[in-house]
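Both complexes shown next keep subunit A, but they swap its partner, so subunit B is in the first and subunit C is in the second.
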Partner chain A sequence: MRAGHFKQSYLELVALTDSGAVKAWTAMLLVGCMALPWVASSYVLALATTILITAIGVVGLNLLTGVCGLISLGHAGFLAIGAYTAAVLAVDYAVPIIPGIICGGLLAAALSLLVGIPSLRLKGLYLAITTLAFTIIVTHSILNLDWLTRGSAGLSLPAADLLGISLAGKVSFYYFSLAACVLFVAAAMNVMRSRIGRAFVAIRDHDIAAEMMGINLVAYKLMAFALSAFFTGAAGALAAYQVRYINVDSFAVLVSIEALAMIIVGGLGSIAGAILGTIFMSLLPEFTRWLFDALGSGLTETFSTRALEVRGLIYGVVIMTVLRVQPDGLIGLWRDAKRLWSNWPFRY
Partner chain B sequence: MNYFFALLGSGLAVGAIYGLVAIGFAIIYRATRVINFALGEMMMLNAYIAHTIGVHTALGFWGLVPVVIVVSVLLGLVIEFVLIRPMIGEPTISIVMMTVGLAVFIRSLVVLVWGAAPLEFSASPGDIVLSLGPVRLYLAQAIAIGLLLAIMAGFAVFYRYTRSGIAMRAAANDETVALLMGIDVRRIYALAWVLAASTAGLAGLLISTIYELGPDMSAFGLRGFPATILGGLDAVGGSAAGGFIIGILENLGEGYVGRGLKEIIGFVIILVVLMIRPFGLFGTRNVERV
Partner chain C sequence: MSSILDVEGLGKAFGGVQAVQDVSFSVEQGTICSLIGPNGAGKTTVLNMISGLVPPTTGRVSFERRDITNSPAYRMASRGLGRTFQNLAVFAHATVVDNILVGMHARLSADPLTAAVYWGRVRNEEIRARRRVEEIIDFLEIQNVRDLPVGTLSYGLQKRVELGRALAIEPRFLLLDEMVSGMNQEETEDIARFILDIKEQLNVTVLMVEHDMGIVMDISDQVVVLEFGRKIGDGTPTQVSQDPRVMAAYLGGAGEAA
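Entry: the complex of A and B
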């Protein structure tokens, strides 16, 4: 019997995957995603598009919080910056969608340095506090910079088109989001297997040891922070194009917490986990509503009038339960199942 | 000049509230090295419970003070026992996320139970206006300031002279050594949560009498952060002083510079403090740099 799974060369170690099964599953998943518009209703398709866009931001947050071990409570701020950058560029300067998304990400990354430089020079929870402060500063600035952001009235975006193809329809925008999501996830996977990603993990696991190994802590922490902000800013820009109307209210602190809930539920530090968590948490409110509808309880009305609070309640309970019961998240469950399967009948 | 003193007066009052919240952050951080992001929500839940009790029993402001303290002690104990104690030894990020989860949970729960509209809070100590020289304050505002000063003094004595206070400092300094010296560290942690919940609970009661009782109240928890960062995350008295400074600066900034400054000035101060003096005005200097 094989005693373990060994990698014998550096190339094997850094390969994205060496397993044929994983490649086959990935291909099947992609084909499934491509085929979705043919089978799904337009509501499901919109939900799927939201999940794809959210996944980009959550994978970005995961690079910072899960991989590098720094908590941010301010990703709603980066989301807002990305969304508003793309919207303002599209409305006032007629910039097309792809440069808009890139600019949104870049501006978010640039502003993240403004917060990151004071807080990342310190150890501990300072980043959580400053990013929280940052979100509040961002939302209030957006409210008060009327001439640029239209204040509380919000901004309506024109429909985007890409190389002459209109992205106004749900199906075409779904494909566009799918492509963006695949691109960003691939980028994140490549960051994780490279020198940079390994440095992030080293910093998370033991910062002093990492510094002894020659990793420049400040530089790499800032890099993680800016990279994460770029992902989230790009996700914000995409979301702005999806909804075609943005308003400060969509970027409350709760959004940051939702994103954190997603990576915790999925499993910190794993890209597959981040995506699983996004899917799980996005479907959870839908699922609970469906469940209560099916049970025919009197709570149906509560769900429609107090949707935001019900979501908050669910998120709070899920965060606390997962931290308490299954700190490794869904991906941890999957790993346990896999280990049990391959080692059976032995314990390990 | 009258305008200035009016701003100063309301600044002092709101600063006192920030100070009370900031003390809550500092007590927990000092004892357990965890930032309790749910403090504002605990404060709000407490105020709502006090409101319900007040409506049913027709207790006045002073009658509600012991009620609030009892409720917060219970709340602090339950939260510490159910959520925080099992997490001792886990990475800080998990414990902090626990408090974040709790914050979301309580906020949603409060809106679901009591509704989103602000409630009428009738228990007030009275509408008497006190004049402290040129500064005029409502009685409730004066009580907030007086309470903060009293609590500051109380904690100074507590940390310096009482058995539990010294034990708490020991546990904060080195958990393992404190344990070996026979200190029940778990009890100390529970005590820290209870004390923090109580100061926050009193702040909640004052906020509902001075301002209003609504779900927005939890924002006071957020706005207590700048005070505790400015005063020093582990300095209890310093956090109170930070509260006064932030409160006054917010009001003067809003009054003289412009709209929208009030909400963000504290957070701008956070960024500046972390850049220049990360341990705050009165904190211990051993903030680790990377």
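Entry: the complex of A and C
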């Protein structure tokens, strides 16, 4: 602990952060995000948009798995539900983007109870299998309900517009996604510092003690499922609007696994970790592609023909390395660095 | 004086094991009652039945004259009933402050929507809760570890955090399961002092399971003795320690345990 650093009031205790450095970093990050469209190519901008949208879904998964300790492979399903809800509403009912996103989140939250209720007594592997089954059921239903979802043909979305401003362009959609991401992350941080976030942590660490503290386990586990699914469903809706064409293939089980990899690499239970993990794992394929390009043409060919396998391989290696070397993830690395820095030149 | 807790004919069978059988006793408002007995006598099971974690096979539990026999465990906090556990049951990855804040859960009102916005009532309640937590931290003298994850603390300190968490419930009645086992002499004396302060300053009635006879004889107003799931003694510490049945059971029980 730093000497001479203490809180002046209880108000400061509930503040999100008391550190000027954190505030300065956050402000710089936001300014950087705002300025990106001026410097980035359209490819980079699309990648950044994808990262912002993915971060919303991954922060949602983190609430359930990292914070509340309930593992889920069902999030590809929630993502699909959100995407299809927004798409169907837009195509068949001309519903605008914001209600579309909210409905996508709400339907995912409602359907999350279908997997949440039977999962109340399950933990670990059994929960993983049940939620995996959920994703499979969702993708099968999408294929079979073709009167609603157009089956395997997929759905093309119209360009969104927001109060008369078109979101068809990459830049405007990027800003829209940035705003959404900031809102969702702020909401998640607020939930985390309220009794709800603390109840999730309590359930993860000791469910019986949590119960004696007045936490209704059934209600709170379902709440964790629903809240998490809401975030991921909303991310699915946004993603549908970004690519403007959705197909059931975009929501394979692998998506759930990638999202889990992101929170593990970033650091389980931490919102900043979830975001860091999303950025890191999203940039990883880009970085390897660049590396392969630099190394020579034979490798580039391997990468383009076997992109999926190479990507899976890299993910696997990264997850194993993180679990072995830094189980607290990137955020743990950051905390260690910060401790070193703020205590320097003293060791303790 | 009036009783705050009444246990009548309480019994519990786990499969073929009759863990508790026909146990009745009452705890008077504002007293410290110890529940003692050899290992496996059924003490923890009695606490679990009182706190709603284990449904009794027979009998009734009344708290402040209201039947709470089949009410779920998560309702106990808002009823004013707090407890600690025999084995460490802290939220190991959360800080001391956050552990104690969880104890305030039933006193707060945030739902997902108001929590996400974190404004007005939620924020004000949170500030008040922090203030209360600081009082508890001062009371238990754990200021210097307040921001550490509880899992990194010593056993004695973790127990103290658990006590703080139970106090955050603002209980009128506190169930303590073997607070001092595994503690050294100094830590034990601290806990004894805290329990007395809790009774006298905070006006909380205490029912504690304890193996340490020193602390039982020093601070209890009433002692209830169990053996093989049955009650074999009930009275003041002096009465109980002179009861031939208790002496016999205790010497036998102590012999078995050793």
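Keep this in mind: the second predicted complex is superposed on the first by the 323 of 348 C-alpha atoms of A that agree within 3 Å, B and C clash if a C-alpha of one lies under 4 Å from a C-alpha of the other, contacts with A are read in each partner's own complex, and residues count from 1 in each chain.
The rule is short, and it goes like this: contacts are C-beta pairs under 8 Å (C-beta built on N, C-alpha and C of every residue); 3 or more make two chains touch, one makes a residue touch a chain.
What you see is a predicted model; the values in this text were computed from it and never measured.
Asks: Based on the superposition on subunit A, does the combination of subunit B and subunit C result in a clash or a fit?
Replies: fit
Asks: Would you sort A:A202 into first (subunit B), second (subunit C), both or neither based on which partner it touches?
Replies: second
Asks: After the superposition, just quote the angle formed at subunit A by subunit B and subunit C, using C-alpha centres and rounding to the nearest 10°.
Replies: Result: 80 degrees at the vertex subunit A.
Asks: State whether A:L143 touches subunit B only (first), subunit C only (second), both chains, or neither.
Replies: A:L143 contacts subunit B only, not subunit C.
Asks: Between subunit B and subunit C, whom does A:L106 touch in the aligned arrangement: first, second, both, or neither?
Replies: Neither partner.
Asks: Classify the contacts of A:L125 with the two partner chains as first (subunit B alone), second (subunit C alone), both, or neither.
Replies: first
Asks: For A:A252, using the defined touch cut-off, is the partner it touches subunit B, subunit C, both, or neither? Pick first, second, both or neither.
Replies: So A:A252 meets neither subunit B nor subunit C here.
Asks: Check whether subunit B or subunit C contacts more residues of subunit A in the superposed model.
Replies: B
Asks: Give one of first, second, both or neither to describe whether A:V191 is in contact with subunit B, with subunit C, with both, or with none.
Replies: So A:V191 only meets subunit C here.
Asks: Which partner does A:L217 reach: the first (subunit B), the second (subunit C), both, or neither?
Replies: both
Asks: In the overlaid three-chain picture, which partner chain does A:R306 touch, first (subunit B) or second (subunit C), both, or neither?
Replies: So A:R306 only meets subunit B here.
Asks: On the A-aligned overlay, A:L227 touches which partner chain: subunit B = first, subunit C = second, or both, or neither?
Replies: Second partner only, subunit C.
Asks: Between subunit B and subunit C, once the two complexes are placed on the common chain, what is the minimum CA to CA distance in Å?
Replies: Closest C-alpha pair between subunit B and subunit C: 10 Å.
Asks: Which residues would you name on subunit A as touching subunit B in one complex and subunit C in the other?
Replies: Overlap of subunit B and subunit C footprints on subunit A: residues 211, 217.
Asks: For the complex, give me every residue of subunit C touching subunit A.
Replies: Residues of subunit C touching subunit A: 51, 53, 72-78, 82-83, 85, 89-94, 98, 101-106, 108, 110-112, 115-118, 122-123, 126-128, 130-131, 134, 147, 162, 165, 169.
Asks: Would you tell me which residues of subunit A are touching subunit C in their complex?
Replies: 1, 10-11, 13-14, 187-188, 190-191, 193-199, 201-202, 204-206, 208-217, 223, 226-227, 269
Asks: Looking at the complex, which residues from subunit A come into contact with subunit B?
Replies: Subunit A residues touching subunit B: 65, 69, 71, 73, 115, 117-126, 128-130, 132-134, 136-137, 140-141, 143-144, 207, 211, 217-218, 221, 253-254, 257, 260-261, 264, 302, 306, 308-313, 315-320, 323-324, 327.
Asks: Residue numbers of subunit B touching subunit A in their complex, please.
Replies: 33, 35, 37, 83, 86-87, 90, 92-94, 96-98, 100-109, 111-112, 222, 225-226, 229, 259-260, 263-264, 266-268, 270-271, 274-275, 278, 287-290
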